[in-house]
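What follows is a group of structures, each given as structure tokens.
Below, chain A partners chain B and then partners chain C, in two separate complexes.
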Partner chain A sequence: MNATGQARAARHAPENPGQGRDVFAYLRSGPFGGPTPAVAALLVLMPVALPSSTMATEILIFAMATLACNLLLGYGGLLSFGQAIFFGAGAYLSSLATMHLGAGLLPALLAAVVSGAILAALVGALAVRRTGIYFVMMTLAFNQTAYFIAYTLSDWTGGDNGLLDVPRPPLTLFGAALADLSTATSYYVFTAVLFLLVFIAVRRVIASPFGSTLIAVRENEDRARALGYDTRNFKITAFALSGAVTSLAGALYAMLLNFAPLENIQLSMSENIVIMTVIGGTGSLLGSLLGAGAWVIISDMLAEIWPRWQILTGGALILIVLFLRGGLWGGVESLMRRFSGGGAHHAPDGNPDDAGPPPQPME
Partner chain B sequence: MLYLFQVLNGLGLGMIYFLISAGLTIIFGLLNFVNFAHGAFFMLGGYLCWSLTELTGNFWISLLAGPPVVAFLAWAAEVTLIRRIYRLPHTFHILVTVGIALILQETTIMIWGPIGKSIPVPDGLQGFVTLWSFTYPTYRLFLIAFTSLIGFALWYLLERTRFGGLVRAGSESSEMVALLGTNIHRLFARTFALGVGLAGLAGTLSAPIRGIHPFMGPEVLGIAFVVVVIGGMGSFTGALLGGLLVGLVQSLMSTIWPEGASLMIYGTMAAVILLRPYGLFGRA
Partner chain C sequence: MRDSHILTTENLSLSYGGFRAVDKVNLRVKPRTVHSVIGPNGAGKTSLFHCLTGGRRPTGGRILFKGEEITNRSAHARVGSGMARSFQITSLFQNLTVRENLRLASQGRDGNRSLLFWRSVNARKEHIELADSITERLGLAGKAAVAAGDLSHGQQRLLEVGMALCGKPELLLLDEPTAGMGVDDIPMMTKLIADLGKEYSVMLIEHNMGIVMAVSDTITVMSRGGVLVEGKPEEVRADPRVREAYLGKVA
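Coming up: the complex of A and B.
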């Protein structure tokens, strides 16, 4: 069944109450099934296997931003070179909220999420007025706009120096102190819980009728519009969701570093997020975790000994387009298929959709 | 007087933007290929200008030799890599050229260092031209005249020569041109080299005014995108008028609100997109 068929089926499925989901199918493919337990196990292993839990936290933060980019690129077919707008805005706004308004942890993160969604809806509303390459070029131009705004408002953002001494408030809920996040491990646990929630939420969004429609837009926007979908609104909504998650990642990053540098909102950050998404594999949520992990670990290993290691990222991008269009996760999948001998669970349209939409709609 | 000064500055800047965007547009028109490494090649033009001027002590040699070197590198990239990916969707064009831009930028830092450089205004064009009570830097005047000449030559090349005819015919249907017996691979490679060479030329010409630094690629790319979003991809006139508009806006704003001059470029784009979503000269 092609993607448009999925969208149509997803729309009609609720009208067949007789086909209720049984418990085992739900466990296999529901929000807590599929790859989610594996991801949870990985989250427990990561701080042990990696040199430091700070590094593990950094991986999860970038994996969040990559998930959000993947939602747009892998499922909506929307290549955005503007993700740093939301990453940077989340970092600045949550930091300003804690520094000047004395906001607690959760209100500051919430402020980042809400403002990221609003900002992304605005950028999206302008950018989706054009499609194709014009759309991509506009996201890039808007990233430059955001950069110059942040640079100009140096009273608020610290300009070139960045915002210094960003606090990491303790976790409190309704005035009750729950946890002090000042140690690297406790902050990792907090980030890991948020990451798991985001992972489940994005999975849920992709499996929903909204997600199926988004894929229909990716496959053939004219056809989706002809079927009666307001594709522009779908794209703007996808942008808002992506912006909210990216902004959350930016806020968490500022609290991790106790610092919100201007680099957060630079075009190169957008490029890095896109590169992590593509290297990991577009259209696969596990690929996003893999891409962010590979990027953070390699940059950490090489940045010390060879500051110009980004040449390798450029080369990796070219090689992936030439030889491994499914990214690292696509490579892992085809290896697994070769060894297990079967390809039954592979998505029919040739996309590496393991964690993505299942071939059968679930709703 | 101040405004006349800024209008002239804006024209010079606008013609530089026109050269960059025209290169982007010619490539897109014929090859249906989006070159995200365009800004990086512009930067390379500036650095070659610096090195050749240091080496020979003569700006004119670097103006003659630099852009062809950039064009040759582009030709080599087309022949070895880019022609393999034309058939893929635009997303993959973008990813590959972003990769090329990263490699160029990092290599530039390895060769020339991370700190920016300035290039002296060439001999013979250093002073000012005075007309009644108005004085204007000679090099900037030369820039306007020279880029206009290049613009005219480009128009002649595209509209009046056999090569230009093939490029325009290929933009309509490259398959048909190939079927009529033209070596389309060679045409594609030459057009790519020409378009990127224009970016290299723009980089060379602007180096004595604005200096060079390794991170100027993305900045220039962003501006070139604004120009083609305003003027329309594949349109020579659109690139000219869009480039001049952006140059004038940036130059005039820098007297009114210096910090916001760069910002206003993007504000112009947002305004155009809101009022005319398909650009000033675009059709749906």
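Coming up: the complex of A and C.
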């Protein structure tokens, strides 16, 4: 069952033999250590370096969805093609809450987070009853179902036209107005703060008993079960967390565009999220930011020069999968290793903090 | 009347279609002993083991652990009640360090309490301490930070048993702990199992007759799904049926 030799050879990271992956490496650096300062610096630089703050905001929103997908794929080994369900649901529900119930910004986002978690727990509870390819097919089927539900309920979702005139309420807390988010820059700052909080939270989750067990389930589910873990509960919890964050991203996206299109809940959105995760590098949280950034920037550039740009992004994906195993972050890591003394060997303690475990796409 | 045996099976059976892999087996494992099950290939040892660990649901009979019926209890729930197993084919977390393998094994006894995603893994110091003490006991202290997959085969077999120990079990189910081990590593495993028999109850499935004879308090010989002979090592060794059918081939 556990064809260890083959499985190991097939995985990436052969460059550091003798170096075991260790969650203790995360802990030594604490929630504000490791890559967190680098991420904070990037958040400050992004609106300056990029053509617009709107683009920077879009990157952060997709980076959030990518982080959530990475939690499932990179750490839990669960390839979900159902992430758009939660992204779309977050967009619709928060929009409906602001439009029909007059909900403020934070209540609307909270509603998205809670409903995303519940929805993902339900989808997860059914999907994790199967493993491998059947699990993947289940997530795909759920996504199709969700799409057609959204399409059919056009009184609520706007159907094909999407939900128009989604408001972006000002930031208020207990009735006190804190900030008006109507400008692109102020909305960027708000999104960046949320992104940093999500990033720190996901790191903390990975270094928790739950996160370390999730990695164990990915590595060897039979063994995890034999050690006393009800592995399904761990997968379902991972889904709920992933759904909550994805749904938050969806809600922020609707407020960014002032519009919640049907595309949010389409299967192609799920594909895009998975692609960004793989491009960035599974099992690396900083990679998720890189992946989302690369995807948004490349799509934007190519869309200007050629209407059939998606063919080129497909080609870019093929190149990365073929030549950059471990994704963009894997590439950055091996470059850093080359420049830092050239030695291929780390001391076991010098574990790069955020280089999570290697990918193992299906179960 | 309370059963003084830690593990009892009553007419335990497992059939695949018409084939009876385990056929009305009655076992009684005494606390703090090493109880071995031997027999030729196809005798039903592994099927029996699967029933005991919860990997397969028996098609007949009952399993009692500490006097409590566990016949239909799931594999992970059995760990919580005090059973732990090792695997015949090494089953480790290959990409994780030795220390993390053992820490996860220690944490396993917490079951669903490990779902807490907002606490640090350091919150339960006892898991790390137990992991470190087992590392020491296995003689792997110098290898704590090495990925399990990079250990030698013999060391992996030791870690395999060590992970079962981390569950603080009352009953250890060991499935061919010496499988694939080199001759040089075997004395170490023999000593470990003999030691374990003093602290825990050990149920051992093993091919290596040398180890079985050296460490066992009781031996059950299986044949065609059923129990052929049961007794102390010297009784089993002397039994003509066993000699004829099994030991003859090995010796």
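The rule we apply is simple: the second predicted complex is superposed on the first by the 314 of 363 C-alpha atoms of A that agree within 3 Å, B and C clash if a C-alpha of one lies under 4 Å from a C-alpha of the other, contacts with A are read in each partner's own complex, and residues count from 1 in each chain.
Throughout what follows, a contact is a pair of C-beta atoms (placed from the backbone, for glycine too) under 8 Å apart; a residue touches a chain by one contact, two chains touch by 3 or more.
Every value quoted in this text rests on a predicted model; they were computed, and no experiment measured them.
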Chain B versus chain C as contact partner of A:195, first or second or both or neither: neither
Touching partner for A:311 - first (chain B), second (chain C), both, neither: first
Chain B versus chain C as contact partner of A:152, first or second or both or neither: first
Touched partner set for A:268, first chain B, second chain C, both or neither: first
First (chain B), second (chain C), both or neither touched by A:92: neither
A:329 touches, of chain B and chain C: first, second, both or neither? neither
A:138 touches, of chain B and chain C: first, second, both or neither? first
Touching partner for A:237 - first (chain B), second (chain C), both, neither: second
Contact residues of chain A, present in both the chain B and the chain C interface: none
Chain A residues touching chain C - in the complex, by the definition given at the top: 1-2, 4, 7-8, 11, 13, 17-24, 27, 204-205, 207-213, 215-216, 219-220, 222-231, 233-234, 237, 241, 348-349, 357-358
List of chain C residues in touch with chain A within their complex: 53, 74-77, 79-80, 84-85, 87, 89-100, 103-105, 107-124, 145-150, 163, 166-167
Sites on chain A touched by chain B in the complex: 73, 77, 79, 126, 129-130, 132-134, 136-138, 140-145, 148-149, 152, 267-268, 271, 274-275, 278, 308, 310-311, 313-318, 320-322, 325
Sites on chain B touched by chain A in the complex: 28, 34, 81, 84-85, 88, 90-92, 94-96, 98-103, 105-107, 109-110, 218-219, 221-222, 225-226, 228-229, 233, 259-260, 262-263, 266-267, 269-270, 273-274, 277-278
